[in-house]
Structures are given as structure tokens and as C-alpha cells.
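After this come two complexes, each holding subunit A, first together with subunit B and then together with subunit C.
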Partner chain A sequence: MPSGSKVLKLAAVALLAVAVLAFPSIAPNPYILSAGVLVVYYAVLATSWNFVGGFTGYISLGHGALAGLGAYSTGILVAKAGLPPFLALAAAGAFVGLLAVPIGLAALRVRGASFVIVSISLVLILLLVFQSWSSVTGGSRGLVVPRPFQLTRPEHHRIFYFLFAGLLALAVLAWWLIDRSRFGLGLKSIREDEDKAEALGTATYAYKLIVFVVSAVFTALAGGLYALWFGDLDPVFQFSILTGSYLVLMALLGGVRQLFGPVVGALIVGIALEFFKVEYGDTPLHLVATGLLLALVVLFMPDGVLPAIADLIKRFGRSDRTSIREVSAAELREQRLQNAGGTK
Partner chain B sequence: MTLETTGLSKAFGGVTALDGASVSFHQGEVNALIGPNGSGKTTYFNCVTGMIKPDGGTVSYQGRDLTGKAPHRIARAGIGRTFQLCRTFPRMTALENVLSAVPPTGLIGGLRSARGRAEIERAMGWLTRLGIEHLAGSEARDLSWGQQKLLELAGVLMAEPETVLLDEPAGGVNPALLDRIGVLIRELNAEGRTFVIVEHNMDLVMSISDHIVVFDRGRPIAEGPPSQIRTDERVLGAYLGV
Partner chain C sequence: MPSGALLFQSVLLGILLGGLYALLASGLTLYFGIMRVVMIAHSAFLILAAYLGWWLHERAGLDPLLAMLGTVPLFFGAGVLLQRVLLTRLRPATLTMMSVLLTFAIALLIEGLLGYAFTGTQRRVQLGYGSASLEVFGARVAVVKLIAFGLAVVALGTLYVLMKRTRFGWALRATIQHRDAARLLGIDTDRVAGYGFGIGLATAAIGGTALSLDTTIYPSLHWHWIGPLMAIIVVGGLGSVPGAAIAAMVLGMAQSLLQIPMGTTWAQTVFYVALFATLAIRPQGFFGGRLAQRF
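And now, the complex of A and B:
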């Protein structure tokens, strides 16, 4: 029999799914719809990031580069090689997955802050490559990717909204599968104490590499879909450390241990980013706000919004559930009373 | 054939931690590895289990050469270990801590649920045996020091190692628990497990060991049964400086 909290969880998931699916119909204008596409795009990226960040605790600031690789691979295959758009997308996913093996082999040798630095360097190196190699990438002038459908602008947004939502569902499903699996338990033991996990027989290096490749494939697919949707790629935006930083903020804000943590984070940060861009235009104020938000999250909600809400619900709904210490203290009192009664 | 090292050496910078340690432990017995602080006992454990690579020498186990192998391969060869400062996975429940000691091999095994009935039963069996089954749902960081030591041991035993290396099982443990740990080691040994124990508590060492190896300055200086070690002049010299 499913427990009360399980029913509540399922209901929340169903509600989220309905809200996501209903959004295009209630969006008042194409701009809001396009902002919705962007938010779902971020949700896919943040969930993909969380395969590495959430399970193993390796904080990558370089996932923007993997998305950029996926975008450019798709774009180049369509624009220069003339491949059908969605075949190009699949090929780009496979290509970045393969490329993630040597990248992961190099980057996952180091831990903690060193890994963060290596992941940043990945973005910077690729930015230089894609800016300079203009015969293939179009360089700083950018790359125009032909649209896959001949549709009006609102229809175009609408279709891509659902494509991104489908990819999001796939990523969430994959994360859920790993989360409950023995492989996932191994990954989480790496997050807790990598040397200890290794001493217990977990092949930590292989585990990290596998999940890095899975993460890279989903990230690249999201990037490729973005290329087909947006239709114009610029190295400065595709290979930007900001993208990776946004993903970290979203995942941390929502909660990296929660299936829907990154989605909730993307919803909050994505909407906030759009709001700041509309209200304050091109000023760097949105960067200040994001930085402030990140600091507040790390200081006050290190586990994210979702666990904080769960704690709040628990506090209001507390009944017979108490901590271990309280139980043992109560037992102790009872024992003492019994002993006192016995010696009388 | 059993756990055996020949000429194992390791230096950190200019400090020699292991100086050609050749040791052969007795299979099926409780072996103790003792020696003054800094005599290389923990470094020896770390070299044997692959946590650090020795500068020279060999490690072999049941005829297999394990020198320089990755720690998880050595663990899978049947050597389990605990750490000097007990290490558990703090933000996992006690049950999950024990369950993560049987990492899967292959894709199908990896995608199976982490909460398989057989595994949970086995894990609960170990928690029960160590007397901490009532804490199965608590996160390891909420357990007391002694409970964490028992939990770490439960995890190591879950992997069914034939040989168990314990690094200071008595460290920071209260006298009642100390007795229990002593009894437990003898019981587990009677079931066929080989133990190698690094320990400073001489009462425990003398009461549970069959065979004692004494380290000083990175190499063995004496070995034998407790009765012999107790009166060995070199041992007294190393410990007391006489």
C-alpha cells in the first residue's frame, strides 16, 4: 500500500506535468512562450548537470561547453553537411558522448576545487577553438542553422517547447532510474567519501566516467535542440562560463539530492533571469542578482529549496515522529522509573 | 598461501615510513601488527590495500600479485579494511552504508534496484549481529563514535572478505564495547576469517591474537605468539627505550 507521502509526491509530479503541458496554451503571447522554451531548456541542462553534480558531488562549471559542443555539432551537420535536422541532433549527441570519454578521463583524475578549475578551462579552450576555426564554425560571425520546420514563429516556439519537455522527461526518468539503482548508490558513496568507496570495492573512476558520459549526452542533446530552435550560434554565448554557473545555481537552489530539484531551480532562476533582462536591459545587474542569490542559497539553504520546504511541512505536520535521541531519552526515563519501582 | 609482503618500502619526502618490510601473515588466524607510533603500521596497511603505491617491494595474496593494484581490485580479491579514523558515509543511512559495500558489476547488475530484498536481508543481518539494527534508518552522521565504528565494520563484513584488516578497532571505544569487539573478532575468526589488526591496546592484542608482528622504524623486528612477544627484549626496547 502506498504511504501518504508517496501519494503526495505522485500528486505533485502529476501537477507539475500538467502545468508544464498546459503552459503553451495559456501563454498570453509568443514572447512569454519563448521565455518558457528557454526555462525548459535550462531545466534539461540543470537536470543533465545533476547526473554528475548531484550523484558524485563533482561541481562542473564546464557543462556550458558540452551544450555548446552539442549545439555546434548539430548546427554544422545541418548547415554544412546537409543532414536532416533530427538525424544531426542524434549524431551530435553520440559524438559528444564519445568526446566525453577522453575529456572525462582527464578531468575526473582530480577532485574538489581542481576539478572545478579543469572544467572552467574546458570552456575557455573551446571558446578559443570555435572563435578561431572560422572555416568550419563561422568564427565570431556565428553560425546560422536552418530551421527544421516551415512554421510561424509562435508555432515554432510551441513545437520546440514540447520537444524540450520530452527531453526533460527522458532526463528526469534516467536520473530517477540511476538514483534508485545499485550503480546510483555507488555514485553517492563517491560523493560521501571517494577513498572509502574505493576501499569497499567500488571502481570509482569507471563509475564517475560512465555518469559523466550520460550527463554529457543529455547536455549535448539539449544544446543541439537549442541550435535548431534558436537558429543562430555565437561562440561567446555557447562557450560561456556563465551558462555553467547558472546550472550550478539552479541545481543547488532546487536541491541536488532531489529528482526535481534542478527543474524547480531552473524555474526560479530562469524566470528571474528573463525578468532582470526585461526590466534592466543590458546592464550587468542580472549578474549581481544571480551572484547574490547563489550566496544566499549556499549560506541559508545548502540543501536547496525542496528539502527546506519538506522540512517545513514536517514541522507543521509533526505527530508521533521524533528523532532517535528523543526516543532513547524517553526509554531511559521509563527504565529509570521501572528500576526505581523495583527497588522500592 | 596468504597475505605476504616482501621488501615493501615507502618514503614520504625524506621520511622513510616503510623500510623493506617483509611480512607473512598466518591464514585463518588473528594476526596483530603492533609497534610504536610512526613505526609504519598504517602506511603498511595503505600499501597493502592499494591506497598508496609503495616505492618498492611486492604484495601478494593467495599467490596473486597485488602490488600497485587499484584499491577496489584488492577489495574484490577478498581483503576488507577499516580506517584508523573510522570512515562511514555520513549522509547515508546505516542500511545504505552497508548496502554500498557490494558494488555491482556489469550494466544489468548496476541498474538493479539498490534495495533488493536479498541484499537488505543480508545487510540487516550484519547490523543485527553488530547490535545496531535499530539504527538502520538513521544517517551515519547522527550515530555515536562507537556506533560508527560498528557500522564501518558491518559494511566491510557485508562484502564477505576472507581477510579483514582493522586499523585500531579499539581507538576511542568504551570498555564495554571494547570487550564486545574482542569477542566479535574471535567469533568471526572462528567462522574462517583471517584478521590483521593494528592496535595500541595491549590487553586486547594479547588476549585475542594468535600471532603478533612487531614493527619498528618501518620494518618487522620480531614476530611470534603473544607469550613470546611479551618477553622479547627487542620489543621492550622499541616500546620502552631500554
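And now, the complex of A and C:
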């Protein structure tokens, strides 16, 4: 018989799925619906980011560039090579996956600091290339991607909402499977202590590389779908360092160790972003707000809101901790320091 | 084939640019050495200093070089505060990653506030000697570029003397090399680390002043600086100040020379190509020591 908490979890997932699927029918107008598409798009991106960020603890600020690459590959294949839209999307996913191999080879050979530097450089170099190489990419004039369906605008939003939701389900499922696997265990050991993981025989380099490629493919698919939905690509927005930071903010805010953490974060941050756009327009204030929120999360809530809520529930509910549970290296260190302080 | 005069001019400009890069990269190297922190906000502070120089010039007619008297101590204090109040709050286990995010957030804050206060309009300091230039063996070099290079050389020289000849410098280097051992020797490593951050940020103040002399500035300019600077510290080997200085000179020169056949935009890619090549061939960098191998 399944335990109470398991039932509760399943019910929560079912509720979430119903809410996601029902949204297009209850959205009052096409604008709200398009905002919903954007939020689900962010949720896919944040979940894809979390393959690297959540499992290995390597923070990538450059996932926006991978999404941009997926978008542009799809767009160019459709607009210039005349491929059918969804074939182009699949090809773009495969292409970015292949491209992620050399990037990962260079970025993951050493530890986190170099990885962050490479991830930021990726955004900056791709912005340069896509702005300057205008014969292929359209340069700063942008690239117009023909729409895959001849539909009215609300219908178009509705279809893409479900496409994004499907991709989200796929990404969440993949994350869940990896989380439960031996492979996932190896990745988490890298996150907690890479030296010890290596000493115990984990093929850390290969593990990191594989999960980076998986993450890149999902990110590129989301970006490609965005290209087909939005229909107009501009290098400044596709290769923006801000996109990458939104993803990090969403995943951290929700909780990187939680399956649905990035989705929850995308809901909060995505809605906040739309709200800001409506209220304040194109002022630099959204930079201030993003920076402030990111700093607050990093300083005071690095584990995210979901664990914070879980802690709150635990405090009021009865304590049912089992002897086998995940403990992070940071928690262990704190315990050790407390014990040392106690025996002094 | 470009003419000899053009080549000579490019080499000269490359050296001048490399000097500025070296100064700024030395600040980044200091932060990394002290706390294994990749300080994304370094170039945002650079632009902030440039804006302060421009603003004081606009409002009070002050020469940016005089404004430096105010900005350098101000930034030193800000650096100490940044380290003592914010970075030490982070958990040690995830410090490297979380500090990146924290400094990234600070960079966004600075960019946003600059955009809010001064709008996104491009600004430039109008100086009496702004358009003056010297002729050196047939090459024309703007006086402001020479001043900027002079500032960088003096600042780097001061930093060298400070690190090698003073008790504080010894303490700082000991803290970088082995924090626990330094503490056993009676060094107040927390305070020294704070001052080290202050010095790092002070280099941004000097660099910003040099930048404001001959560059058009706008709030999002810092992204154009952080990429090359981070490439420089990786190529030089994370944590190595001489390595960073050599890499800065070589890459600055390469950028300047490549501008002749490739144009300014594509010449910038040299930094990223060097970054990827270094990580693929020699991930610890070309001059890095023990420290760089594990990051």
C-alpha cells in the first residue's frame, strides 16, 4: 500500500497536469494565452537547464545561447532550406546536441569556474557571430520564420501551448528517470564532492558531458519550437545573457533538487516578467528587479521555495524522517561544525 | 599586405590596449586567488567608474583624472564591504558557483541603475586634449590612449610593489596560497581577504577612469569587457597575475592586429577562440600553477 505522502505527491502532480491542460480553455483572451505559452516555454527551458544545474551543480549562464542556436537552426532550415517545420525542429535538436559535444569537451574538463566562463562566452561569441554574419542569419534585421499552420492567432497560440506542454512533460519525465537511475546518482555525487566521486570510480568527465548534451538537446528543441511559434528572431534577444540568467533564477527559486522546482520557478518569474512588461514597459528597471531577486535568492534561499515550504510543513507535521535520505555536502559540513562546537 | 606604418600603428595600439586589459585582469585574478570567485561584476564596476568620471566632468567640470581621487577610495571600500558583508555569507560548499550568481546579480543591478539614472544614451567625456595626438615614428597615437596606458602601468607597478615588498602584500599572498597556514601564522585572513577585494575593485576604478577618457560609454557596455577579461584570466591560468598580464598583452595585440584584415567585430572573436583552444589543449592555462588545475 502506498504511503500517505506518496498519494499526496501523485495528487499534486495530477492537479498540476489538469491545471496546465485546462489553462487554454479558461484563458480569457489571446494575450493571456500567449503569456501562458511563454511561461510554459520558460518552464521547459528551466527544466532543461536543471539537467546540468540540478544534478551536477554546474551553473550555466549560457543556456539562452543554446536555445537561440536551436531557434536559429530551425528558422534557417525552414526559411532558407525549405524543410518541413517539424523535421527542421528535430534536425536542429540533433545539430545542437552534436555541437554541445565539443563545447562540453572544452568546458567540462576542469571544474565549475571555467564552465561558467565558457557558458557566458558562448552567449557573447554567438551574439557577435549572428549579428555580423548577416548573409545567413539576417543579421540585426532579424530572421522571419514562416508559420507551420495557417490558423487564426488564438488557435495558433493554443496549438503551440499544447506542443510546449508536451515537451515539458517529456523533459520532466527524462529528469525523473535520470533522478532515479544509477547515472543520476553518479551525477549527484559530482555535485556533492567531485574529488570523492572520481576517487570512487565515477567517470565524472563522461557523466558531465552526457548530461550536458541531453540538456542542450532539450533546450534547443524548446528554442526551435519558440522560433516556429514566434516567427521572428532577433540576435539581441536570442543570444541575450538575460535569458540565461532568467533560467538560473527560475530553477534556483523553485529548487534545483526538486523535479518540479524549475516549473514552479518559471511560473513565478515568468508571470512576474510579463507583469513587469505591462506595468513598466521597456525601462531598465526589469534588470534591477531581476538582479535584486537573484541576489536575494542566492543569499537567503539557495535551496528554493519548494524545500522551504516542505520545511514549514515538516515543522508542523510529525517528523517521519527515514534513516536513508539525501544529505548535501553543505548540510554535512554544518552538522560537523555543530558537533565540533558541542564537544569543545 | 598592409603597409608598414599601419602595422606599426596597430602594434602600438595593441600594446596600449593590452596594458588596460592587464590592469583589469589583475583585479579579476586577485578575487579568484583570494576566494575562488569569478567576479562577473568587475566590468560593471568598471563602467560605473567611467560613468562617475563622466558625470563629475559634466556637472562640476572635473577632469576624470581628478575624479579618480574620489572613485578609487570609494571602490576600495565597496570591495571590502562586498567581500565582508555579502560573499562570506555564502555556503563554503557551493561558494564558487553561488558567488558567480551573486556577482552576476550585482552586475545586472549596476547596469539597470545606470540605465535608470543616465538613460541608455551613449556618453562621452569632451576633453580639451581629447583629440590631441602624438606622432611616433610615423604612427599617430591619441594622447588619451597614452594617458590610459600610463595609468595602467603605474597602477600595475604599484600593485607589484605592494604585493612583493610590503608586509600586507606578503600576508595577502600567504592568504592566497594557503589560507589555513596563513591563519596559523597569525595573519587575520578575513581582513586581508577583504582588503584584497578592495584592491581588486580599485583597479576597476582606475580602469574605468582610463576608459572614460577615450571611449563612448553606455550601460550595457560591460558585457563587451567581461568576455575578453574572463578569456584572458583563463588563458593566463586562473589565479596567476603575471600570467594574466602576459595573456592580456598577447591577446590585446592579436585583437589590434586582426582588426586590419577582419574588421573590429570579428577581431573580438580572437578572445573566445583563445579561450576554447586553451581549455581544450591546456585547461590549467599557459602560466597557471597548482591553483588553476582544479578550477
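The rule is short, and it goes like this: the second predicted complex is superposed on the first by the 318 of 344 C-alpha atoms of A that agree within 3 Å, B and C clash if a C-alpha of one lies under 4 Å from a C-alpha of the other, contacts with A are read in each partner's own complex, and residues count from 1 in each chain.
By our rule, contacts are C-beta pairs under 8 Å (C-beta built on N, C-alpha and C of every residue); 3 or more make two chains touch, one makes a residue touch a chain.
The structure displayed is predicted, hence computed values, not measured ones.
Chemist: Consider subunit A as the common anchor and indicate whether subunit B and subunit C clash or fit when overlaid.
Modeler: Pair status: fit.
Chemist: Which partner does A:Phe183 reach: the first (subunit B), the second (subunit C), both, or neither?
Modeler: first
Chemist: Touching A:Leu292, do we find subunit B (first), subunit C (second), both, or neither?
Modeler: It touches subunit C, and subunit B stays clear.
Chemist: In the overlaid three-chain picture, which partner chain does A:Ile117 touch, first (subunit B) or second (subunit C), both, or neither?
Modeler: Touch partner of A:Ile117: subunit C, not subunit B.
Chemist: By the touch definition at the top of the document, which applies to A:Val248: first (subunit B), second (subunit C), both, or neither?
Modeler: A:Val248: touches subunit C, not subunit B.
Chemist: Comparing subunit C with subunit B, which touches more residues belonging to subunit A?
Modeler: In the superposed model, C touches more residues of subunit A.
Chemist: In the superposed arrangement, does A:Val278 touch subunit B (first), subunit C (second), both or neither?
Modeler: In the superposition, A:Val278 touches no partner, neither subunit B nor subunit C.
Chemist: Looking at the overlay, does A:Ala199 come into contact with subunit B only (first), subunit C only (second), both, or neither?
Modeler: Only subunit B is touched by A:Ala199; subunit C is not.
Chemist: Can you report the least C-alpha distance between subunit B and subunit C in the superposed arrangement, rounded to whole Å?
Modeler: The answer is 7 Å, the least C-alpha separation in the overlay.
Chemist: Is there a shared patch on subunit A that both subunit B and subunit C touch, and which residues make it up?
Modeler: No residue sits in both footprints.
Chemist: Please name which positions on subunit A make contact with subunit C in the complex.
Modeler: Subunit A reaches subunit C through residues 57-59, 61, 102, 105-107, 109-114, 116-118, 120-121, 124-125, 128-129, 131-132, 241-242, 245, 248, 252, 283-292, 294-295, 298-299, 302, 328-330, 333.
Chemist: Which of the residues in subunit B come into contact with subunit A in the complex?
Modeler: Those in contact with subunit A are residues 49, 51, 70-72, 75-76, 80-81, 83, 87-92, 96, 99-104, 109-116, 135, 138, 142, 155-156, 159.
Chemist: Taking the complex as given, what residues does subunit A use to touch subunit B?
Modeler: Per the stated touch rule, the residues are 177-178, 180-186, 188-189, 192-193, 195-205, 323-324.
Chemist: Would you pull the subunit C residues touching subunit A in the complex into a rising list?
Modeler: Touch list, subunit C to subunit A: 32, 36, 38, 40, 86, 89-94, 96-98, 100-102, 104-109, 111-116, 120, 219, 223-224, 226-227, 230-231, 234, 238, 265-266, 268-269, 271-272, 275-276, 279-280, 283-284, 292-295.
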